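Listed next: structures, encoded as structure tokens.
In the two complexes that follow, chain A is the common piece, with chain B as its partner first and chain C second.
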Partner chain A sequence: MWELIAANKRKSLIIFIAMGICLLTLGYCVGMAWLGPDAGFFGVLIAFGVWVVLSLISYFAGDSILLYTSNAQAVTHDIHPQLFNIVEEMKIAASLPVMPRIYIIDDPSPNAFATGRDPQHSSIAVTSGLLSGLNRDELQGVVAHEMSHILNRDISYLTFAGVMLGSIAMISQIFLRGSRFGGCSSRRYRSGGSGCGQAQLIIFIIAIVFAILAPILARIFYFALSRKREYLADASGARLTRYPSGLASALEKIGFSNIKLSSTNNITAPMYIVNPLQADGYSGIFSTHPPIQDRIKILRGMAGGASYLDYSKAFSAVKGGSGGIIPSAALSDSASVPIRDAGVEKEAPKDPKDKTRETIDLLRAVNNYAFLTCACGLKIKFPKNFAQNEFICPRCGRKHEVPSSNNVLAAAVASAIPAKPVTATAYGVSPQVYARKNVGWESFNCSGCGALLQLSPAFIGTSLACHSCGKEIKIR
Partner chain B sequence: MTMMGLILLVLVVFLLFVLSSVASIYNILVGLRNQVKNAWAQIDVQLKRRHDLIPNLVETAKGYVKHERETLENITKARSAAMGAQGVADRSKAEGSLSDAMSKFFVVVENYPDLKANQNFLALQEELTSTENKISFARQAYNDQVLGYNNKIQMFPSNIFAGMFNFRQEQFFQVENADERQAPKVSF
Partner chain C sequence: MDCPVCKKGMVVLELNKVEIDHCVHCRGIWLDSGELQLLLGHKKDETIEAFASAGRVKEKPRKCPMCLKKMDKVLCGHPVAVMIDKCRKNHGLWFDKDELGKIIEEEGAGKSGEISVLLKDIFRESRE
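Up next, the complex of A and B:
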């Protein structure tokens, strides 16, 4: 397995260097076109500098940025024991030194991604749609695939390559747009500078051609790199779980789900297990992931065992030719990597309503809701900033004390900050009433927690819930 | 520089190169051997975790499975035996019989719907399933590490120095009892 990582580092380096040559040549041409024929080297330096700065930022902060933009919530063992256990099992199988951080993204579409610059600082994120749709074996397959990305150092490679692609795109854009104003006419203040001679014009044309081609070439390299790595992650994941069918059926469910992932964009899309932005059938040179059908066929074709050699064989059977996914040094473990039996499914298949309810409860738990079960059987779920001391069960009328962790009033009393006065709030009795003064923008304070509430001119409803404590306010 | 001096310089550089290669091979082999030892210890960690979980399981189940005293006693006995076993052969046998006792218990649980719906029991069952998985993944990881280490010892050029520095091949973790390979069959 370790030979695999080393060999892939070498291969990726070649593609990486190819992209680097694109970047530096672009810098050279732009430098020559804008600053004169002897300033080519200066352009190279600037292009390189841009790449270094962006790389440093993405290397150190890349995973936090990605998790933040996807709105991911951290998960501990208490919140979702099964997911935590599955990740821990894969961590043991992969001999990772440190447990990756686990996140959940609130989205009904099933998908997952991994991020992190090395195994010591890694994170795995799954969507709530994935959790509710997959069984244990399939979830394990997906987690194993993501963990293989971490293990094979795919993430740092793709990050550096992606940043290079971004730098190339950025520099070429700046050049192409700026050249309308720059170019020959900007030599006014340079003494002894070249005039707008024929040589300068030719250099300019070359630079423009390259500025158009470079991003395209770089994209082709980047996507080839990305696709290769996805196959490799499939192979490593199947080997870790010793159960290729798990990942295969997970891919079937994910790939053919019709729900679209909402919180992604072109930058974060390639990092997911299935690209959420590219249409199902799309599989050209510009696709970040190999076609799902092929991935599934290869995994299902691994009947003989779960080793890299078996994956290689299945790959050649489906695609013809080895594709250079797995280097020969890593094929030595063909000896005996038998496929294990399916995990015994101990629970009866769940009603989809129950599964949805479980997922929503899970998200509430992650967002610090407090749960309480009334004696009549009703489950009461308190949001974080609930500003009452007591709550009356709407079904049976019993009084309940609001748990102090979610009670803004109790917290205020406890920290001796003068609490906002609260009106009598038995359920259904005298909520706050606000009379509109005119039809424009208006704002007022919630009488329960003091938060500022605003009414827009377009608001025509008769009641409003305070966004921080949930209190109902009638609008007249 | 004289001719002799140049030859001497080249020889010294070559010698330094050889020495540093040997040193790095030695370090890599040491690292791999320690990883193998660590992987072996990880299996023990998971086995101990199982030992710690079982009393909770028995307590939770006791109230519900009133007529299955024998099954519960078997688990408790098997657990004590496993905790007391010494030596690798004895321990793997004891752990094997503990796994057997637990799978029999889970078969029995199917007849008790109240127990199956109990939240504590479900959480415990998930933990135990996970522990069993972790034990097998820990063994798998150990075997992978042994494979990597053995490969490095046998391949060129480290094989030249492996014998010199007394690095020996490690054993794979084998299932001792051929019956253990089969999943427990249940018939009604």
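Up next, the complex of A and C:
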């Protein structure tokens, strides 16, 4: 694995340097055009400065900005145990030092991405559509693919290269827009012969041509490596799960889903496992991802094993050529990786309606909704900003108390009575017992401190401790 | 999600695996596009497209609780036309209190009765 990262780094470095040269040359040309022939190096300095500043910002805050703009919400083990379990499994398989943080994006379109500056600070985000549409093996494939991006340091590369691309685009935009008003024409009113000399004009034209070409060149470099890294992440993903078909069928479901991801844009699109903005089947020098059909064919073509060698063989069979996707160091690793059997789903495949309900309820739980099931069968879900303390079931007319910690606090303030201090002895006297009504999400208030407690459908224990005061509550 | 009329948080009611959003203040309901899909299946697009535009009306336009854009007034209902609000981006349908009442009584939200059957069941006790 280490050779793989090293080989990856070497190749990345070459493209990275090429992009850097693009950036600095652009700075040089712009500096000469705007500030005179002697100021070329000053332009280089400014271009470099822009890149350093933007890089620092994205290094320390890039992942939070990205997750924020994608509307991703952090989840804990209690909320989605299966996803947590899969990520943990893949974390161990990949021997990642720290468990990545897990996020869910509320979007019916299935997709996923990973972000973070290094394996110590990484996050994996999946959409709710991915959770409701994929089975465990497929989900594992997707998580393994994202884990490989973290492991192969693709994220930090993509971040820095992306920032460089952004800096180049920014400088060239400023220059091209600025030239409309500045440049030669503004010097017309200046005294002396330094106005629009022949040499200055030539420099100016070169700068304009380069300002147009540089972003295009940089983009081609950026995308070329991005594509290569997708194949590599597929290969590592297959190796981690030892089940290439899982990832293949997940890619099939993601690629051929007709629901479009709504919370994406040109910047975040390349981060996803399948580019949400790329047209089906199209792949040229401006694509961030290789064609999805080829990725699926290669994964399906991996016969006999899940090692890099098997992926490389399948790659040559599909794409022809010698398959330069996997660094040769990794191919010499002769240890065979047998393909495991498909995982057995414990439960019968669920009704798609149930799965959709489950995922939406999960997102509601993340957003602090309180759940209540009326005896008549109507499930009632209260948002955090629900203002009333009581609710009358419209179906059967029963009166319910709205379970919410906010209400308890509001009531205590209104009556100006200080909340009773909760002592450990008070717990022993009357232990709270909560009887489950159904297998869905349920909420109730802790009798000790009034905190809102939620039970997920996956909860199987017989007791729990209040997260706020620690009181033990028995669940029947 | 907040009520397009009162701007207060709406309670979610789920019955037979289909959800509706209900405002306890104005007693209006919001039917989300995804829920309509669950309820009507492949008939969803057909049913919604069959709603005729109500043209220019006096009733104040409401804003879609999802995209916050103005919604269109459309006529739905088979025997008697009931005017409801429909998001232009097809995020869902909004029924005011009396519109909801009419839909339940006339049993006709579009040619398929699924919507009114569901609403009738959920609001069994709250009908006057």
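To be clear about the criterion, the second predicted complex is superposed on the first by the 392 of 476 C-alpha atoms of A that agree within 3 Å, B and C clash if a C-alpha of one lies under 4 Å from a C-alpha of the other, contacts with A are read in each partner's own complex, and residues count from 1 in each chain.
Keep this in mind: contacts are C-beta pairs under 8 Å (C-beta built on N, C-alpha and C of every residue); 3 or more make two chains touch, one makes a residue touch a chain.
Just so you know, these numbers come straight off a predicted model, no measurement behind them.
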Check your understanding: Should the superposition on chain A be reported as showing a clash between chain B and chain C, or a fit?
Key -> fit
Check your understanding: Is A:Gln388 contacted by the first partner chain B, the second partner chain C, both or neither?
Key -> second
Exercise for review: For A:Gln82, select first, second, both or neither according to whether it touches chain B, chain C, the two together, or no partner.
Suggested key: first
Practice item. Using the touch definition from the top, say if A:Arg219 reaches chain B (first), chain C (second), both or neither. Key: neither
Point to revise | Contact breadth on chain A, by residue count: chain C or chain B | key: C
Check your understanding: Is A:Tyr369 in contact with chain B, with chain C, with both, or with neither (first, second, both, neither)?
Key -> second
Check your understanding: Looking at the overlay, does A:Arg242 come into contact with chain B only (first), chain C only (second), both, or neither?
Key -> first
Exercise for review: Determine, under the contact definition given at the top, whether A:Leu378 touches first (chain B), second (chain C), both, or neither.
Suggested key: second
Check your understanding: Given the touch rule stated above, what does A:Lys297 touch, chain B (first), chain C (second), both, or neither?
Key -> neither
Exercise for review: Check the residue A:Ile360 against both partner chains and state whether it touches chain B (first), chain C (second), both, or neither.
Suggested key: second
Review point. Between chain B and chain C, what is the tightest CA to CA spacing in Å in the combined model?
Key: 17
Exercise for review: Check chain A for residues that touch chain B in one structure and chain C in the other, and list them.
Suggested key: none
**Study point:** chain B - residues contacting chain A, complex
**Key:** 35, 39, 42, 46, 106, 123, 125-127, 129-130, 133-134, 136-138, 140-141, 144-145, 147-148, 151, 183
Review point. What residues of chain A sit close enough to touch chain B in their complex?
Key: 1-3, 81-82, 85-86, 88-90, 92-95, 242, 332-333, 335, 340-341, 343, 346
Study note, to complete from the structure: Interface with chain C, chain A side, in the complex: residues 108, 351, 353-354, 356-357, 360, 364, 369, 377-388, 391-397
Practice item. Could you pull out which chain C residues touch chain A in their complex? Key: 1-2, 8-15, 17, 19, 22, 24, 34, 38, 121-126
